[in-house]
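Presented sequentially are two complexes of chain A, the first with chain B as partner and the second with chain C.
Right after this comes the complex of A and B.
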């Protein structure tokens, strides 16, 4: 009998869902998350579409289910190093990296006040800094500080250790590797935003007021680097005229070959952010090849079409330049339903960059990847499953449904194995 | 979609001319096609089958409905005439990736030589997918394209718009010359068949002069090519005849092309264009510097390579004219001594030619990974020019080195290859010099493109 029925690799919305759904059906599940917090990409979003509620609605529910269910456990800062064996009895080797902060932490924040070292905050895509000891984000689960040992001065400094009243900081923590056996492995490894600097014709990395859609989420979020103000990175000016460049790197054989499935809806959603911030005079223009608002999402699209300050123009943004005097961004496209090349000036341009499966860089040990790096569970061994964007580009709702499906698959495997 | 002119077009169509209405309905149907393409894309992406297909189909139905709705306004206008065999021809002429295009218009934006108003090549991709031959044949834009290949490098779908443009250009050549010969010139088997004719002509001419007997020699025993192939009795009449005949075909083709462009231009409401002659000056002066070529990003280096070949041809043409003056007016016969300026011009031109065409070759290989190696049409001209340059220089070197056994055969191949070039100019890529010039002059005459800065 294996230690666990299910090992879920990745603790985002898909992974946590797969784990709690399996656990609530009676299976023993464990989540292995590489970040120091659960929640993944969804935690970085300001709002979900189409209801425009904050993602923590959904995440909090999953976290509560995890807290209340003894059949589900999790490791943060942990990665799966190898998987061997077969369905029913996989041997999984998990490397747990040290957090340097133990469960005694109360998140009082005294340590941060004395920490002398700064680091780029990758959670906010480098838009701000944290100290070497930091809380991953305001709503982090688990609510516990963590030390980035790549910048921390260690025991030579230890200022944080001195001020921590709870004895929660241990700079000598070591990584450990544990072996767990499990009936199933669910890969819910998620995605990374596509690196916009790879898009040859857009100069995204050289123009400060060209940002990606994920940066836009962080800017709009009240717990983000600008505390929710949508302002230009170059000069902090309020963004009143914004452009969304769709398919920035998606559906493009030079970049991501596939449609990332959520960017149209994400841009429509983000257009509401700015319209809400400055209802009087903010203007948003969405430049698209095809607008994809499938199923019920079409209602969301129609609502935005009724807003006369939101313009949708068919024609891909294929050139972006900066007016260095003003910091404005000038985009060029051919207006396909118009009559020619158009140059238009904006305060800021949001690139609707797509989702690249994390498996491209993580290289999961036992899953079969299709050519774009998504996990092909059907082609993988029995007992290997995939959920969320690890499986295919999908939005939150679909990821959650897929994760439930993966939990069902795990139950089937457990049953088959016990019948043998 | 708030901004879709599909909606606006219905209101506008009533006010505008019937022709304009055709345009609008084309746009609406275009939208439908795009939506359908989107469906395929979604399925191909593997990530969003269900959703994209749903959205796509719905979009398609909607847009198509509007296309139908717009149709009554277009009744009096020319209906669109899709020509399926035309599409097939484009696909077979190198445009095999045509149907991958999903009309994002990246190509039109990254193109540095297109006018901003109704830019190419996005619309040409659409016309080509639909087989709208008339729109493409009588269009200056096909030849305003200089094969920079920026569009090919940046195309997200690898639809190779530049290659499609060239396939259409090739069909323009065919359309305005003799289709059968042009078709033959478009593949290796046909080219070899065509090459038999100049070969036979040269062989007959040599046989008639008895040049296959003992090795011909000049008065002092040196190699003299006019003893092998007589200048006034053989070369000049033959080459002049075929050169002028090709010139006549060019004139007829160019005139028809010009008239088709005028007709399309006026049919879409354009003002009467200026005359050819009053607009050719600035166009020619643009050729002299190859300014337009230098607008290319991806293949910027082509400008100098092409410039060398261009001036080589100009120089060799002048050399020939000069030799005619020496022969018929002054009474001097070749070979001329190396101290004579005619030799300087001829040899410098030949050197420019061989260097230029070698650069063309090298650049093509260098660029192949990003923009492709080019079509058969390109290569047959490059190889023809190569053979002409190598045999021309080779004949001179062998003559001076006095290697008669090789010199005369090499000279014969040189004559055959030059005759081949002359005879088939109107059918080969060589015709680009005429059609591109006519297109550029037309674009200037209509104000569509008044030159590069």
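Right after this comes the complex of A and C.
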């Protein structure tokens, strides 16, 4: 009999859901997460559409479900290196990268006070710094510090080791590989924001006041690099006139051929961020090809359409340039309504960059990918499942549905195997 | 449990089983690590604990360490301690360290770290007083907790699936494959629903470019072949009684009626087309060659793929009008999600019917999300399919029985007239939860029904008398699953789409929201898992989401019940039924353990083993109220789901908070009993703040209506307070999201300042 019924690769909203749903139905599940914390992409979001509620509200419940259930365990900073065997008895090799902080850590924070080294904070897309020893963020689960050894001075410094009363820091910690057998593998490896610098004409990497939608989420978040202020990266000026360029990379033969399914709703949501910050005078313009607000999301779109300070213009952004004197961003639009090219000036432009499946770079060992890099579970071996954006572009609700369904598939495999 | 994982929720298992005869013995364990020892007078804390029934009081500099936990285990094994009050960090951390088998031990956490020393000035008199009060609160809670006696019983482990379309068939097959018996009820004489009537269906596998025959017939065959699926056709449910694991569902099928034992229910009743008769402005009923998309399916299915107009002529040039009566306040305000894809599919029918045939699709926004973009692209590459954005100006009959569609706001910037042999209206989907004739944007709240005024102890109450339609639940609160908007029985959760207000009953597929067959199949799997999970948890006497695993349940002391019906009305999950006199009857397995009933009861007779009105009252009483005016006391009831973590984060960020508040966490603010308000104000506290989740349309309350119920109840507190000659403003409920911790310092200071304005509570010192 396998050690586990389910190995879930990825501990974001889909992965944690698949694991807790399986465990609450009686299966033994283990999550393998590459970050030092669970929660994945959604933990970086300020709010969800359409309820404008904080993702941590739901994540917190899922973490409680994990904490209270002996049938779910997890590894952080861990990656699956290989998968062999078959449904019912996969042999999975997991590489656990060292955290350099052990389970004795109480998250008291004394170590940070003495750490002399700074690093770019990737959680906030490099917009601020942390020390080499850091807590990924205030709601991080597990609530435990981690050391970035690529910048840490190691035993030559060891200030943190000296100050830690609990013996929690081990600068000599080594990577280890653990072998786990499992009945099923659920890939919930999620997505990465598409690299906007690959999109010609949008100058995402050269104009400071052109940001991606994920950066916008961090800026709006109270625990983000600007503590929730929506200001221009170039000069800290309040952003009063903002544009959203939809399908930045998506629905584009040269970039992502598919529609990322969430960016229209995400931009509509982000328009509410700025309207809420500066209700008197902030203006938002959304440049779109098709506004995709399926089902009841239409209600959300309608609410934005009723706001006279939010403008929706059909048309593809042809060019984005900087006015270097002011830092303003000039957007040129191919106006589809026959009036030729139109130019408009903004304080800041948000690129609605799409979701690229993490499988494109992770190259999961045992799953079959379709041409865009999404996992085709139907074409993969029995016992291999996919959930969330690893499976197809989807919003949170649909990801969670799929993850719950994946838990059922795992249950079926376990039953089939035990009946043999 | 994993031997490899870095952390599990492993329970500590001391060597000895507790003695047969149960007597509570409380041990208080104070951690002095993480600034606690440096910020507080620990000896004074120990004395405070000993003064409040803690028979063993110990401190440890690193309580969550192996040695610290072993110290406690040793007291459990050698001293007979069975109730551990852990005065250390937040209950959100070190759960694995401080976890003992809940069937034998009681564990209470007192948050001295995040909520006291990290948020208040160290070695300050006020901080010390707060710490002592918080410790006493924890001891009071522990003392009022009794040992668990889970309700475990034999359950029926079968799933009733209502509806035999794509969603229902998949739910049935998926449940059987997981090892559960299924009863499948279908109102029609055959299985398959809409999919069985379609010539071809949308692609469901990569590369998502080509339409093909539906596999629904294979599914029907598999369902019919399974000896674990009892299929009832021409069937109607006449009543559903009971609770998860113990439903009695009466079904009338083919003239006979039987009552079936059912464990859980998946509602997959599907959709029906919007009434096309209402789309006369778009030519329907006015022009013979205007049909709907569902009629188009019937036409191609009946004519072997040929496009035959109602007048019998073959159509070669077919126009499609998207959003017909959708995204339209007058008709369906929502988008039906699948009509763009359906029209693209039907456009392929057109081009396949004749090499010269042409399809024109007129749209507002083409909505082909995700990988279906490939399907849209395939249509764009199809020379017979033309797509144009535009808005309809008029639709008129043209020569030879055809139709002329005038559109504006096109991409050409001018009005365009399309002439076609036939016009297909992409009409939308209505959930079958609505009886025929009901209008989606004009519904009574929660249930379809009629308003009625009823006379009660509380005066005249206006409520909806709901009409039974599909499940015909014998529930006090209503005969169907409640809806939030447009009739969709959806809880509107983002993170928990299977959250349901009727435990054990899960909606899936198009009855719940417009969706494609591919999404419906996935939804079927999710709903089946939730149904199965509910049964497995109920069999162990455990709650389902969000208090998963909670083994307590409401116990009612009937001798003092006045049959006021407040509990049965307010329960967000329809747990409580009532007899004709109004006496509540619990249905344990429907319960989600939120405690709203406990808060609702003016007689204080609803309790859980570890949560009760006297417990929280005692916790409040354990707060010392000094006579000095510069030491006001404010009770702060906090929701443990969002407000509690929010306070923790304030601590992690070392935000400084007003030291006069005393925090008491509740499962949900909905558990707030008004007696607490009167009790604590008459004991001299200056005011009461309640911090809960946001309510309203975009509610964040994990018990759906808990925080709203609390707010409604507080609306009536004025009466109590005026009897005490106190200002109503001394009680304030605020809404806080989990990520709004940065607002806490101001929020607490502002209320403390407001209270100052009223002067000291005249009850102080009595």
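Methods note: the second predicted complex is superposed on the first by the 419 of 420 C-alpha atoms of A that agree within 3 Å, B and C clash if a C-alpha of one lies under 4 Å from a C-alpha of the other, contacts with A are read in each partner's own complex, and residues count from 1 in each chain.
Here is the rule we go by: a residue touches a chain if its C-beta (ideal position, glycine included) is under 8 Å from a C-beta of that chain, and two chains touch if they have at least 3 such contacts.
This structure is a prediction, so every number in the text was calculated from the model and none was measured.
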| request: Report for A:259: first if it touches chain B alone, second if chain C alone, otherwise both or neither. | output: both
| request: Could you say whether A:372 touches chain B, chain C, both of them, or neither, answering first, second, both or neither? | output: both
| request: Considering only touches as defined above, state whether A:175 meets chain B (first), chain C (second), both or neither. | output: neither
| remark: Comparing chain B and chain C in the superposed model, the one touching more of chain A is C
| said: Contacts for A:103 in the overlay, against chain B (first) and chain C (second): which applies, first, second, both or neither? | reply: second
| message | Applying the document's definition of touch, where does A:294 land relative to chain B and chain C: first, second, both, or neither? | response | both
| query | Counting only touches as set out at the top, which of chain B and chain C does A:251 meet: first, second, both, neither? | reply | both
| said: Between chain B and chain C, whom does A:313 touch in the aligned arrangement: first, second, both, or neither? | reply: first
| task | Check whether A:116 is in contact with chain B, with chain C, with both or with neither, and answer first, second, both or neither. | result | neither
| query | A:392 contacts which: chain B (first), chain C (second), both, neither? | reply | both
| Where on chain A do the contacts from chain B and from chain C line up? | 251, 257-261, 290-295, 298, 314, 336-339, 370, 372, 374, 392-394
| said: So in the complex, the part of chain C that touches chain A is made up of which residues? | reply: 1-11, 33-35, 61-62, 64-65, 89, 92-96, 174, 177-179, 205-207, 327, 333-337, 365-374, 377, 389, 409, 411-414, 485-486, 488, 492-498, 513-515, 519, 522-526, 528-530, 532-533, 536-537, 544-546, 548-549, 641-642, 645, 649, 652-653, 693-694, 698, 700, 702, 737-742
| query | Given the complex with chain B, which residues does chain A contribute to the contact? | reply | 200-201, 247, 251-255, 257-261, 289-295, 298, 305-306, 308, 310-319, 332-334, 336-341, 370, 372, 374, 392-394
| task | Sort out for me which residues of chain B touch chain A in the complex. | result | 1-6, 27, 30-31, 34-35, 37-38, 41-42, 44-48, 50-52, 54-56, 58-59, 102-106, 108-110, 114-119, 122, 154, 156-158
| request: Within their complex, state which residues of chain A touch chain C. | output: 3-4, 13, 20-21, 24-26, 28, 30, 46, 48, 50-70, 72-76, 94, 96, 103-104, 106-109, 135, 138-139, 142-143, 165-166, 178, 180, 221-223, 227-228, 251, 257-261, 290-299, 302, 314, 336-339, 370-372, 374, 376, 378-379, 392-398, 400-409, 411-412, 415-416
